[in-house]
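Next come two complexes, and both contain chain A; in the first it sits with chain B, in the second with chain C.
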Partner chain A sequence: MTRGEGWMMTVADPAFRWGVDASRVERVIGRAEWSGAMPVDGAARLGGGVIRDEATRVMLFATETEALPVLARGEIALERVDGEARSPVPELLRRAGCSDALLGFVFRGPGEVTFLVAPKLLTPPVTSEESHA
Partner chain B sequence: MGAARSAQIELLPLGIGPIWAAIHAECAVEILGRTPWIPVPSASELIPGVIAHRGRAVAVLDLGVVLPDLPRLTARSTRERVVIARTSLGLVALPVEKVHEVVSVPSAEVREATLTRGSPFEVTIDDKAMPLVDLETILEQRGLARPGAG
Partner chain C sequence: MIRSLTLRILAIYLPLDLFFSTALCFAHLGLFDLEHAGPYMVAFAALWPFRFFGWAVLVASSLKPVSALALAGRRATDQEVATAEEALRRGRSRLPVIYGLGWFTHLALATLYMAWLYPEPEAVSAYSLEASLLLVLGVLAGALVFAVPLFLVLTNGEATSLSLESQMRGIEPRIGQSSLQHRITALALGLGIAPTLFVASLGYSSAGLAELELLGRDATSAALELAAAAAGEERVSPVEERHRAGAVMRRAEGITGPVAALASSSPVLAKALEDAVRQGKALSRVDRGAGVAIAAAPVDGDRVAVAVLRTSRERVSSFLIAAVAFVLTVLAWAPISAAMFSRSITVPIAQLTAAARKLVEDGRFSELRAVPVITDDDVGRLGVDFNHLLGLLRSLSDVSREIASGRLDVRVPGVGDLPEAFRNMTESLRSVVQEMSETSLQLGAAATEIFAATQEQEMAATTQSSSMREISQTMESLSESAAHVAEAVEGVLENAERTVETTERMVTRIGELNAHAGRIGEILEVIREIADRSDLLALNGALEASHAGEAGRGFALVAAEMRRLAERVTASVKDVRGLVEDIRQSGSSTGHGGEQEARDAHLRGGAEDHPRDAAAAQQHRAGLGGRARAHGRGVPIRRGDEPDARLVRDAQGSGRSARADRPAIPARR
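Let's look at the complex of A and B:
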């Protein structure tokens, strides 16, 4: 077993709740503390729109080369997830064009879901709007 | 009665508001009660989200995109019934308001659509003309079907 297996780090973004495999997260720091490359706005990349909000943090993900910074807007929590609770993206939804960065769903209750995200697939070019966020 | 005249098809009429449409009953797997659907960011108009069904995500298909007389699904709107139907790409969820019992009609009563919109074919059930929706055809027309399926 790898460290963090079964654990998900979730972000209660105002647009929707999303989460990542916690074992991929190296660090979470305040937005002001980050001075590296422009962070990817994860929720915006998934189609949630750009929300200007100063109260954001940066999640740093391990990649083969350098740390990938992703903006996390909203409360961050560490949650244990039963493997059975994870549902893959239906093939039809995938074929109809939903983001490749969406890996699946964790249903939390009626109408409540966490979108499981692959951070490294959130990385097309940064938009000018994001560069001012 | 000859063999051709006796051929019957089983249809499942679905109602949204005052409008009815029919699907082939053999596609229907289950009929759920009021079940919220979840919009998925970046999803398409036709397949705008999912519902949770037996712990798995099932793609929602908005019939309002296909049939112009039907209202579209709106985010967080919940309809009274959800029909789970089988396609070559897995299950789809059809949020509707009413589900009629399965009706057996002579196949000869399926005709080219002249009274309804959105489907090339229609049928009259209980004096109501309604489009006959073929889910596989919808997927093919939208370029979603798996090659060779159908």
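Let's look at the complex of A and C:
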């Protein structure tokens, strides 16, 4: 997704809204239909804590090796993001090394912000180390 | 002490029987003077267990009811006591007699053994057998005299206990017909005959044995005299008499003539004599069984003097006749003497018995004369005591008559329980009469007070009667109110029945509605799943459209529209499900309420309860009216029928229960 505009898959998690670039999402399936590896809890990976919710779905992320299942709670939506709505990562955070994980913020109204995160942030640490190796 | 009566009897009889058995065995043997007495002693000892233990078994079986009664103790029934008393009474009269007969049989069999089976028949004298018969009779008499009193003494304790127990239980004692005089006579006979027969048998046997011994000596003397005469060349004339014979025989010819004929009565001795003559030997032997004595004395080498003597029994028979005559004398004299003796005893007893029977049967001892006292023994003392008792009864009878005529100050003579009881009775009667007199005075005073109280009560009753009429009118009005309440209750109960029917139909319908709602829920779940899948499909479609860039813009719009549709469907399904769930809950609560109401209505207004409530109300109404009418008529009022606040409370209670029942049914609905 370019900085000007693009599609973003957002998840209205009870803890906070987060989103990823829609181009990195292969498919969305129901939790009950997923029979593959144990999916990664997206909100938990982002520090939102574990909240049990039956109405969850699994988003399959495209990686270099295999699809990464990420558990998404709350309503999922595909939204077009204009360049004006997207805010860059502040300099303070970028210097702290957060620019690789947090790609930006999308403001829709007062108090309604969506964190645009990098897919690798959702990858479990072990998988990440192996991939680096 | 041996507690069992049977064992106690046998323990006493056994040593005595062993002693008398030994003594009689030797006494019987002494009649025969045998050289080889072993077979007889064996036979006598072999008969002993049969006689004694047979009798012991008979005693045990006869007295079994007595032993059983001793084991049962106080738990014994009247029948058991009567049976035991009967068994002991029979045993006391029969068992000792059987014991004596056993002795008779024992000795009789021993005598028969001597007569026919003894191994040496020539050693058994006919005199001894005849003496044995006398001994057997003597033993029978002696055994009876010995056994009967001993058995009575041994069983007196049990007989006394049983008699007292029977009389305590009201069992009439059975008195036999035996006479005391007959018993005394029998005892005197036995005491006289037994020793007489003993002495006669011993004497007769001794005389017989002495006769036989003398016979043997005579035979030897005769043979020697004949031999001496023949040796002196004297002419010897043969002796030819009925009981004796003698001659000088030549050895080659053997025994011939009258000597041989007389000797043939004892074949054993005849053979011995023949041998002695042929061998030229001296011989002297006696055959006790045949009563024959034989002797042989050699004269020279060719001749032998022979003598044979047979007992004539005359001397011995005279002794037997004398003995039998003596026994007959005893048999004749003993009953006469015993009868005279026993009569001196039984006559005063008979007089006492007659007086006692008259006293018991008539009860008029005032007409009885004193019994005569003619002896100075126990019977005489019994007569004196009986007369004293009779005098006491007469004086007490006189005292009773005096008391009956109203003289309570009479003096009661005598000492003991009965006079003392009479004195206590007269004293008590005096006290009772005194108390009755005082009580009569008190009763008179009380009657006066009661009369006054009755007059006051009559006045109060008149006043109370007017109040009762007012109360009666109040009760009538209350009764009518109760009738109205009862009718209202009946109407309420009819409504309750109709409500029950309606509620039951409604519950059925609601059940059907719940079933339909469940089915709708299932369909909604399918729709929700389809919408969910459509939502996912639209989302993935939009995702693919975004991947396609500008080319997929149009498809993205379609996908977005599809998602909205799916979301609307999901929302609608959620709303519909909520509605259906509300309907189901309402139906369930209504159905449960209806069922509960139907059950309550059944319990409260069932077919059995309606008439009961109505009848109770009617009964209450009738009770109120009846009492009111009774009061109105001025009927006397008992304590339990006081027309007080209780009746009012009953009427109010009926009204309250009716009011409480009427709103209860709709409230539960």
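Operating definition for what follows: the second predicted complex is superposed on the first by the 112 of 133 C-alpha atoms of A that agree within 3 Å, B and C clash if a C-alpha of one lies under 4 Å from a C-alpha of the other, contacts with A are read in each partner's own complex, and residues count from 1 in each chain.
Convention: a contact is a pair of C-beta atoms (placed from the backbone, for glycine too) under 8 Å apart; a residue touches a chain by one contact, two chains touch by 3 or more.
Here the structure is a predicted model, which means the values were calculated and not measured.
Superposition model on chain A: chain B and chain C are shown accommodated side by side without a clash. Of the two partner chains placed by superposition, A:A67 touches none, neither chain B nor chain C. Judged by the touch definition given at the top, the superposed model places A:A12 against neither chain B nor chain C.
Of the two partner chains placed by superposition, only chain C is touched by A:R57; chain B is not.
Of the two partner chains placed by superposition, A:L103 touches none, neither chain B nor chain C. In the superposed model, A:A118 makes contact with neither chain B nor chain C.
Touch counts on chain A: comparing chain C and chain B, the chain ahead is B. When the two structures are aligned on the shared chain, A:I76 is found in touch with chain C, with no touch to chain B. Contacts of A:V89 after superposition: chain B is touched, whereas chain C is not reached. In the superposed model, A:A22 makes contact with chain C only, not with chain B.
After superposing both complexes on chain A, the closest C-alpha pair between chain B and chain C lies 25 Å apart. Looking at the complex, you find that chain C touches chain A at residues 532-533, 536, 539-540, 542-543, 546-547, 556, 560. Contact residues of chain B toward chain A in the complex are 35-38, 40-44, 46-47, 50, 52, 55-59, 61, 76, 78, 87, 89-92, 139, 142, 144.
Across the interface of their complex, chain C is touched by residues 7, 9, 22-23, 25, 27-30, 57, 76, 78 of chain A. Listed in rising order, the residues of chain A touching chain B in the complex are 15-16, 43, 46-48, 84-85, 87-93, 95-99, 102, 104-105, 107, 110-111, 113, 115.
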